[in-house]
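Next up: the structures, one after another.
In what comes next, chain A is part of two complexes: it sits with chain B in the first one and with chain C in the second one.
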Partner chain A sequence: MPHRTFFWFILPTALAMILFIGLPIVSSFFQSLHIENEQVLMEVENCDPFGCTTNVRVDVEATEKIEAENPLGRFNGFGTYTDRNHLAFDEIEEAWDNTSSIGEFKDIVLNLPFYKALLFTLTFCFAVTPPVIVLGFIVALSVNTLAKSLKGLIVFGTILPMIVTPLIGSLVLFWMIDSQGIIGASIQILFDDPNLSLKASSNLTWITLIIYGIWHNTPFAFVVFYAALQTVPQDPLEAAYIDGATRFERVRFIVIPHLYPVATFIMLICLMDNFRVFEPIIGFSAEGVAQSLSWMIYQDLRNENKMLFGSAGATSMLTILGIAFLLTPVLIRTWKEFKTER
Partner chain B sequence: MNQTINKYSKQIIIVNSIFILFWLTISIFPFIWTLWGSFKVKADFFSRADWTYALSGFNTLIETGATTTFKAYLESWTEGEFGRATMNTMIVTVSVVSISLFLGTLGAYALSRSTFKYTFYILIIALIFRAMPHITLVSGYLFPFFQLNIWGILPTTIIVLVAINQPFTLWLLYSFFKTVPKELDESALIDGCSYFQAFRYIIMPVMWPGVVTAGLFSMMLAYNDFTVTALLLNQHNYTMVPKINAYLGTVEYGGNYMWAVSSVVSATAPLFMIIWFFQRQLISGLTAGAVKG
Partner chain C sequence: MKKLIIALLISFASTSVFAGSHSPCGVTSGSINILANEFTTYRIFMDEVKSCAGPDADFNVTHSVDHNKLQVAALSANPAEFSAKLVTNGSITPLMNDGLIRPLDDLVAKYGSNLNDNQKITIDGKIYAVAFMANAQHLWYRESILNDLGIAVPSTYEEVIAAAEKIKAAGVMENPYAGAFKSGWNLGQEFVNMYLGHGGEFFISGTAQPNVNNEKGVAALNVIKKLTELSNPDFLTQDTNAVKEEWESGNVALMHIWNSGAASLLDDEGDQNIKADTRLAPSPTVGGGNKPATTLWWDGIAIATNTSDENAESSFRALVGAASSTDLANNNPNATVWLIKGYTPGDTAGPVVDAASRGTTPYPSFPHMSLMHGALSTELVEFLQGNESAEKALADVEAAYIAKATEQGFL
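Up next, the complex of A and B:
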């Protein structure tokens, strides 16, 4: 296809992607270099019959003027990145100097907002992915043995948790697990502890979120494994059967090795998707004990007084950095595939 | 031969059936429970005293005079303006699907037919774009959109969702067009068609299976989106998902839980029906990138 024709064909989609994916990333970066304007303060003298007092007040007019001249705020360089709410270099240095043991140091660092969120995000990613792969594989194996007439219906039932948006999925589970829902209330009766609830401890909340993550992601692993199972070559299976291999041995030594590349694919996609975890935190109202990086950005943008563009931008950039780490293996894989195709 | 290999012993069949039933319960029951509970009042669905109230509708009987009630549905659709949200979702979904398929088919066709090296780089960039968390993009949109005064309205959101959706659509349709034999449109080119004519008269009639799959995924993205719609639309223009979130926590709706429960049912039911019909396409799309390797 000549360059010119190619250009016209690709133009609309390229334009959409550059304008609304490429540029926002750049814009996010610029925002992260700026910080909100300071409010202009002025001293006001209040005199009443008992004497005069001076108060410091916000000069609304002057503040608005600065705001209008400089809507993005003032230039701050990489200041936002290193402040207390992000990488917090000063606080970490101080903690390092003032603490005597690693445990103490760890406690202080993990209580800083950014590291707290990072810890949750990573824990979520790495706790959800392995069970998803194992469970997805087992469900796929098991559905694969069913009679054909049943398969369609059961596949449909299995993929439901994946189809609904994470917010709705987590709400549906939350309404059951909540202390007033069917599961939560039953657990309270079972353990005879009226105070036992999801919100009782941060550990319980984290576990609930992780269970939700497994519930939501397993269908995807299932679907991919299920499709891959149809491509397992029959000849080695027959040969193994003739040689007397048991069913388990056939799965272990023929089916599983055949599915390795698929499992890696699922793992990478799962890690990448879960790195953005955000909606379940809202669905489970778990903001108090579990914050993720994406949630931090959302919170900055939802700030009631003023949207913190600088802070949101900085967190966004750091999140993208994290995604880049996870994305590298996927890119390498795609690169290789492309090279072999040509 | 195949018969003997695939014959299962009784034990396996039993264990397997139990496992499948167990799994189906986990994946389906929450939805059934929500559907059931949406016809009760709050005191039953969120009953601290006795969870069997949710089954028997004890408080529902006291409050409304019957064991099932459509109160939550009626109120959320009238007072809660859920109808408006449904309308907005429909506008957004239909527009996003049609625009992104239009852009996607053109782009993907060109990518699959060009032999130059830059196609590869375009696809890699698309892959990187696809991995970007939506919330980081939204944080880049807000400031310019406020400045340009295009925040809060549906067209902005539609364009943004189309763009966010493009990378995946491109990849999906690219791998689909690769399976359409090149000879088809090449012969048309030899007969004197332009590339666009070849696309219009030769490719378009055969591309529908791929387009349906891509359309299904675009639909799910637009229909399900929360991040973009919640932050880029004003309250008045909310689509269904942010609206449900608004029922839960904002001052305006006073945390009206049963509205949210009934709206979840209203929002999920059509989606499930569509997926029921297009299940095969959904699965083929999900596995497109994975099973080759």
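Up next, the complex of A and C:
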């Protein structure tokens, strides 16, 4: 494609991306460098049904005046990034100086909110993505061999987990794993332990979330693999068949190499998606034991009475960096393949 | 404190005529759009507000348990997304901090002739809210279960724990205690109760510096830990509504939840045997303290600053009509403890009146309290799971609070 044609072809997309992705990122970054203006407090007398007390309140007028002079808030540089609720440089340095063993140091670091969330996010990413690719591939292979009349229905059924809104899907599962729900009760009977609860221990909650993640993401891998399977050339397959290759060998030596780039693509999207894991945490009420980076942003914007824009902005930036970091190896690989193909 | 008791015990001669003042009900202009928490008493209250607004009014109400998380953003917009908000002494501070609710003196003068004086929430001499009910968390117990085992009604948390252990040991129930320990606001509130019960102060006096990592904080956490060990293992996922379900399923013999829970626990739905066996008791003291380990709350109405005067007036009229409706209070005497004029307290008001008369602390209304509550919400979980010490958990609370308060400009 000539560069000129390409430019006009990409222009609308590029504009939309700058407007809806680029600018918000720049704006978030800008906000993450600022913190709120100082709050002016004053003493007042409050009276309510329980009596009158002297209390402090924010002097709204004085605070508004400061706000009008300095609408962005106070410039804090990368202070928010390095505070305890984010990268926590000071706390880590202190832990490094004051601990005698790596285990102790690890405990302190993983107790800091950002690293705790990062640990869960990464665990989720790497525990969910490989099974999704393998399962998606197996399901696609199986569906592909079905009789034509059945295919439509089965394909629909298979992609259902993806159609269900994540929050609803996780809520449904949350009630099913309740100690009185069908899965929870069955597990109690199976292990003969009336106190076994999937919601109570952090390990079991993590496993539940990961299984949910696999269930929810597999249809995506399936759909992509299934589409790609339709493009597998039939000639080599038939030749292999005539040469006496088993089904496994045909898949191993013809289908898999053909689908390899597709698997890379699925891995890319899955890693990116799972790094943003959020809805299942809310659906499973798992905030207590499993926090992700996205959940931290939500917490800053929703769970506080006042929105912590700076903090949320900083976590967003770190999330973007995290995704970029995670995808770099895959992207480098794709780029190399792209170049060798040329 | 006295005011409340007087208001509750003395039944005012009620005059249903709004003499010399405008009748609030029957709104015909402006639109009413209210944001409110979600529980049965509020539903009852809102029915009255709707009927006061009348059939011609443009009336909308949004009930959400996430009202606290929504309110600042929703009312900061101009025009605000809601014209009115049901607030409590906890949720009013973030709105006051940003000047998002308006003074109501002129509207009260015009439409509030039938209000008790103690319904008017005055801050710095101006009325910012009109309270209509008082609420507190207190003890609930199953009478037959306590009687069968010869347990006296507990009046301290030490007795609650002993009673629950006895019920468990007798094999009557696996998890006899319940409280709203859901990680998040509820868990934070449990700590607030227990810490105040131990006589703790959240901030170093006169500053916004945190002050929870001390002996009282550790003692409070240890009591909570013991209670959770006698609770359903899923306690970290159970909010008040989930606890009520446990109660109605007969899985629990002792719980510490809101007085307003009576509206749904003592209604005609569900197992009537359990209902007949349900008793209310004052909130227990803890650690040898003399104040019950709970907090006093009022619930009231507030009007958004960023809404037109017309909407503000019509919203206020409908809401204040309900907040001064003696019929509403006396037709639902057990739904909550109403602060409305002419209300004769029902059978369930006792524990709240008791809490007020024993000097229970109202929920702290410092501007930075919500940040402290937020830090408590997330940092206590690991201690309750046995993964960290009480001191470490409280140190984390203070550190998380300091980071947030610094960003918010309080420190």
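By our rule, the second predicted complex is superposed on the first by the 269 of 342 C-alpha atoms of A that agree within 3 Å, B and C clash if a C-alpha of one lies under 4 Å from a C-alpha of the other, contacts with A are read in each partner's own complex, and residues count from 1 in each chain.
Here, a contact is a pair of C-beta atoms (placed from the backbone, for glycine too) under 8 Å apart; a residue touches a chain by one contact, two chains touch by 3 or more.
Computed from a predicted model, the values in this text were never measured in an experiment.
Shared-chain residue A:S294: touches chain B; no touch with chain C. Of the two partner chains placed around the shared chain by superposition, chain B is the only one that A:G22 touches, whereas chain C remains out of contact. When the two complexes are overlaid on their common chain A, residue A:F50 makes contact with chain C while staying clear of chain B.
Touch criterion met: A:D178 reaches chain B and chain C at once. Comparing chain B with chain C, the partner in contact with more residues of chain A is B.
Contact with chain C, but none with chain B, is seen for A:T80 once the two complexes are overlaid on the shared chain. Of the two partner chains placed by superposition, only chain C is touched by A:E64; chain B is not. In the superposition on chain A, contact is made by A:V139 with chain B only, not with chain C.
In the superposition on chain A, no contact is made by A:W206 with either chain B or chain C. Judged by the touch definition given at the top, the superposed model places A:L41 against chain C, while chain B stays out of reach. Taken together, the two complexes place residues 178-179, 302, 307 of chain A in contact with chain B and also with chain C. Chain C meets chain A in the complex at residues 1-4, 7, 66, 68-69, 71-73, 89, 91, 93-94, 96-99, 118-125, 131, 134, 174, 182-185, 187, 208, 232-237, 296, 298, 339, 356, 362, 365-367, 370-371, 374, 377-378, 381-382, 385, 387-388, 392, 396, 399-400, 402-404, 406-410.
Partner chain B is touched in their complex by these residues of chain A: 1, 3, 5-6, 9-10, 12-14, 16-17, 19-28, 31, 71-72, 138-139, 142-143, 145-146, 152, 154-161, 163-168, 171-173, 175-176, 178-182, 185-186, 215, 219-220, 223-224, 226-228, 231, 234, 237-238, 241, 247, 261-262, 265-266, 272, 275-276, 278-279, 282, 294, 297-298, 300-302, 307, 309, 312-313, 315-317, 319-320, 323, 326-327, 330-331, 333-335, 337-338.
Considering their complex, residues 35-39, 41, 44-51, 55-58, 60, 64, 73-74, 76, 80, 83-85, 91, 111, 113, 178-179, 194-195, 197, 199-202, 284-289, 291, 299, 302-308, 310-311 of chain A touch chain C. By the touch criterion stated above, chain B contacts chain A in their complex at residues 1-2, 4-6, 8, 12-13, 16, 19-20, 23-24, 26-28, 30-31, 33-34, 37, 45-48, 50-51, 54, 102-104, 106-107, 109-111, 113-116, 120, 122-129, 131-144, 146-147, 159-160, 162-164, 166-167, 170, 195-196, 199, 220, 223-227, 231, 241, 244-245, 248, 260-261, 264, 267-268, 271-272, 275-276, 279, 282-283, 286-287, 289-293.
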